[in-house]
Amino acid sequence: MCRFLLYKSNSPILLADLLTRPAHSIIMQSFNCKLLIDKRKTMNGDGVGLGWYMEPRAKGCIFTSTLPAWSNINLQRLAENIKSGLVFAHVRATTGGTVTSESNCHPWQYGNLMWMHNGNIGGFDQIKRRMQNSLKEEIYLNIQGTTDSENAFAVFLNMLEDPLGRKEFSFDELKQAMLATIEQINQWLDEAGVTETSLLNFAVTDGQTVVCTRYITDREREGASLFYSSGSEFRCEEESSTYRMIKANKREDVVVVASEPLTYEKSDWMVIPSNNLLVITPKLNVRLYPIVDQYWNPHRGHQKNVNQNGC
Amino acid sequence: MCRFLLYKSNSPILLADLLTRPAHSIIMQSFNCKLLIDKRKTMNGDGVGLGWYMEPRAKGCIFTSTLPAWSNINLQRLAENIKSGLVFAHVRATTGGTVTSESNCHPWQYGNLMWMHNGNIGGFDQIKRRMQNSLKEEIYLNIQGTTDSENAFAVFLNMLEDPLGRKEFSFDELKQAMLATIEQINQWLDEAGVTETSLLNFAVTDGQTVVCTRYITDREREGASLFYSSGSEFRCEEESSTYRMIKANKREDVVVVASEPLTYEKSDWMVIPSNNLLVITPKLNVRLYPIVDQYWNPHRGHQKNVNQNGC
Amino acid sequence: MCRFLLYKSNSPILLADLLTRPAHSIIMQSFNCKLLIDKRKTMNGDGVGLGWYMEPRAKGCIFTSTLPAWSNINLQRLAENIKSGLVFAHVRATTGGTVTSESNCHPWQYGNLMWMHNGNIGGFDQIKRRMQNSLKEEIYLNIQGTTDSENAFAVFLNMLEDPLGRKEFSFDELKQAMLATIEQINQWLDEAGVTETSLLNFAVTDGQTVVCTRYITDREREGASLFYSSGSEFRCEEESSTYRMIKANKREDVVVVASEPLTYEKSDWMVIPSNNLLVITPKLNVRLYPIVDQYWNPHRGHQKNVNQNGC
Amino acid sequence: MCRFLLYKSNSPILLADLLTRPAHSIIMQSFNCKLLIDKRKTMNGDGVGLGWYMEPRAKGCIFTSTLPAWSNINLQRLAENIKSGLVFAHVRATTGGTVTSESNCHPWQYGNLMWMHNGNIGGFDQIKRRMQNSLKEEIYLNIQGTTDSENAFAVFLNMLEDPLGRKEFSFDELKQAMLATIEQINQWLDEAGVTETSLLNFAVTDGQTVVCTRYITDREREGASLFYSSGSEFRCEEESSTYRMIKANKREDVVVVASEPLTYEKSDWMVIPSNNLLVITPKLNVRLYPIVDQYWNPHRGHQKNVNQNGC
């Protein structure tokens, strides 16, 4: 049971207003999740990571820690001090056999790119060698940890031209690389005869454009939950002391994507349908694209959302 | 919501058989507690500590960590390797304002003595100065952290003669020092006009005798839960793959005290009544003494056990 | 052997340009110090801390860690990303009996104030109780660790009116509180009959004004080394690839104070004489005041600088 | 600049007597090394690891930490409490590009086998893929970190039959696997055209037999230093308060192998010549075998020992 959250806006937000102060904070109250399916794992105590960009065309910064968010004093102090217009946040619970270490904490970065994942590649062990053998040398050697998520990032990087050196990427380039990554993983899973289901909620950014997916290798079931909300400002309303997505005008100045709604106004949160890719452009336009492959099914669901899942 | 566990036996147990392997392991599954009252704190992720003695008259050893037990690989490796006949174990959730640090992890030791606490001193801030000013210089200077629990240990040490130098203590000496500690804390709380309730489940050992308490500063309510079980062996039954307290003969070769039953055989676990002190002698006799003071009430309860508490 | 460094300027500096990139970086190469006296302690591996202010009248931010600076990936990533016009940095080597924990890492903060110390209070154990008993309740209860340095900060805070609530302090107020702190510590040391020498290089700021001292409780010897440099910019010269204090005009736009010169241009670094207090005003004026008390000696020295010291 | 130490005896030693109490303790004073060549790296602060066996045919136990040994309170407490007849200890300084994490700390274990390395594979990046592609699936998937040392262990394991399941191995089997590992690494280095020198001081044990090497891929230069000493007991002499290898009788009851002599009696320490393999049998016989390959040179040296090196 992991969760992630990303924020993009033209107006920088104090990280605390996004991460630690809200009553339904995704990283502080992560152990009190209601959309949970794996009853054996009721909290996210195996690592936390933040990523943020100070300036549009500069490298992002990452803070990762194996200390749980709720007792992580450095994380809380940084959140009270740093403002950013593009934030990635991730809380993690290990699944069987994965070591808790800072190398295994999301997000990862490479050049200006940043990546995180909620879900897991079912049967990862059976395709790990295929994944690593497909990589260019410098990408292979850059892998620091042992997770499926970091290896998936490596596959994504391998789809791009000069991922380390370039400062920006077109949204189409990122989108195509993401689709190619999923297609490639599916092909390896098929080759290896894996029957386990994979949950591939990926998010990537170059500091300007964000691309993320809600995806499951199953035609019938829903992917790990993913929501988004947009408005003119995300802030705490003084009278109610609760956080809200303010919609003061028609413009979308803020877009938030998260594994769970961050506020109690459920109507402010749109479900991202399973097996769709969402793009947030540098100008904050949001676009949704169905991922039409062997797992595409426009009539999926009508059932309750069942996968809030591993990773 | 903290919890503790102690084990005393003539036959050393592999720590893993006590701590990490049982299905209802107190330290691994601590986030899935059913006796819980504080709904805001549903797990114990703010530190873990183990203490054990290799030989009867030698100093004990302590391992403490701010990493949660379930992702703490050193703890798991040690548990798979170390055998001991006297074990203390503690999982901790911080309460408001207390920093998560190894200095604030239970148990603490001083000479051959080891101490842990489940509960909290209500209004600790209002009596902290009184506590510290009562201490002999070397005990005052030895305090490393900021918790009520460590300060209560200091008060206990202050009641003993030469706590650092001596290798063993009579059971009566430890019992009297424990009673004097509680009496003294109560007196300071009165002087300071504190009205909050304190939960004082303390455990102490010199490596041979164990003294522990279930205590609450309230005549009507029950203290934080505390159970004990005894038998000839605590081990995993092969057919059912579950841990049990084996009662092969009339002798008590093993005594376990824990905040919650460790096995599914509830009938094997006796409730320690609120405001009682339990002694386990070096020869494994168990004795229970009521703590008769202003909070003594033989007719307490008839209500459900309500305090599984802070710390 | 600890060391500290502080930077104040109207132009924010990337922390990496101050802390991690320079060849003679105070925190990365701290284990290769030439001004060292205690040969048993040749490096600073017991903790590192950074403090910085993003805006003049806002609370500062702190990052502390027990991992050595040179292998501390979060510290290096933050340094590559954060810019600030007021920075405190400290590397620490424990002295006998002090636990390595984040609670014992400099700097500390309280409201808008930030504090660090290079040196040690000789005979601290003998005056600790006097120090703590002099404190107002909220300041006493705020102490998290066990160091002489944090206790000295508490004494300093106790000299100020409303240290938690106020956003700024006049330079005279900070200066008087600093002098009063040293005077008070000296009085306690006298009362306790302490004969050991104390090295009191303190630095404090409210986010605008900086006050620091080089001080020793000895009329003949020199205090722990302390230098300052000022100029129009502190940056890396492209041709030589070395960092320099640029003096492009008469204005002082940057002031750096450090336990050791940060650059190879020794002539750019002025020695702060022993038993002096240095003030950097919000407008970057630097003023030096002799601390005239029982340890004042205008004819001190003529001997080599001997104290690069403990802490 | 790493260092390692191993101890084998029929009489268990308190780890503290080997690791933390001696004046010239390899892990505590590791930052004060005189045989050092890389002047940029004067201490070992990037992680420490201990491994020990409680019983001959049981799995060993490992404690690893990224906190430096000298401020690592858990390590110090364990060392004061655990006795073992077979101990591995390692202190580590990272070399360029390797992350400090517990996954990258020596020793590693797999089944009953334990491994550590002092030195480095020159040009590791150029042969990493060859190494990993040579591995059986379960050994490949077991790799947790990114070091050359752990990958070399994987190659070694790959040479053995059922390395996970078996409880013991003949000394000849371990010796042959070690020689095959070195030969295979050399072959890959040749294939990749690597010209950098490798320093391959490896140590491995199954809990009974120890095999270790001093090896360099150079015909002229000496490998990283390695010494051994044997006697009837390793203990502190009361009169001089220094540790010594006692030679009370002709029997060899204790064998110690270390990167540097542990005591001031230099005559007690024999140099293991470069490009030799040393075996310690379960009965404590010590045998030395030259590794006769393209880097063998019986006339090497006559020069000072120059390599105390990276890793």
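Order of writing sets the labels: A, B, C and D. Residues in every chain begin at 1.
Keep this in mind: a contact is a pair of C-beta atoms (placed from the backbone, for glycine too) under 8 Å apart; a residue touches a chain by one contact, two chains touch by 3 or more.
Here the structure is a predicted model, which is why all the values come from computation and not from measurement.
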- Under the touch definition above, the chains in contact with both subunit C and subunit D are A, B
- Same or different: at the subunit A/subunit D interface, is the fraction of residue numbers used by both copies above or below half? same
- Determine the centre-to-centre distance between subunit B and subunit C, using the mean Cα coordinates as centres, and give it in whole Å. 42
- Hey, what residues on subunit B touch two or more of the other chains? 73, 99, 102
- Task: Show which residues of subunit A lie in contact with subunit C when the two form their complex.
- Result: 54, 59-65, 73-74, 77-78, 80-83, 102
- Query: Taking the complex as given, what residues does subunit C use to touch subunit D?
  - Reply: 31-32, 42-43, 45-47, 66-68, 70-71, 73, 94, 99-100
- Task: Please name which positions on subunit A make contact with subunit D in the complex.
- Result: 99, 101-103, 125, 128-129, 132-133, 137, 140-141, 143-146
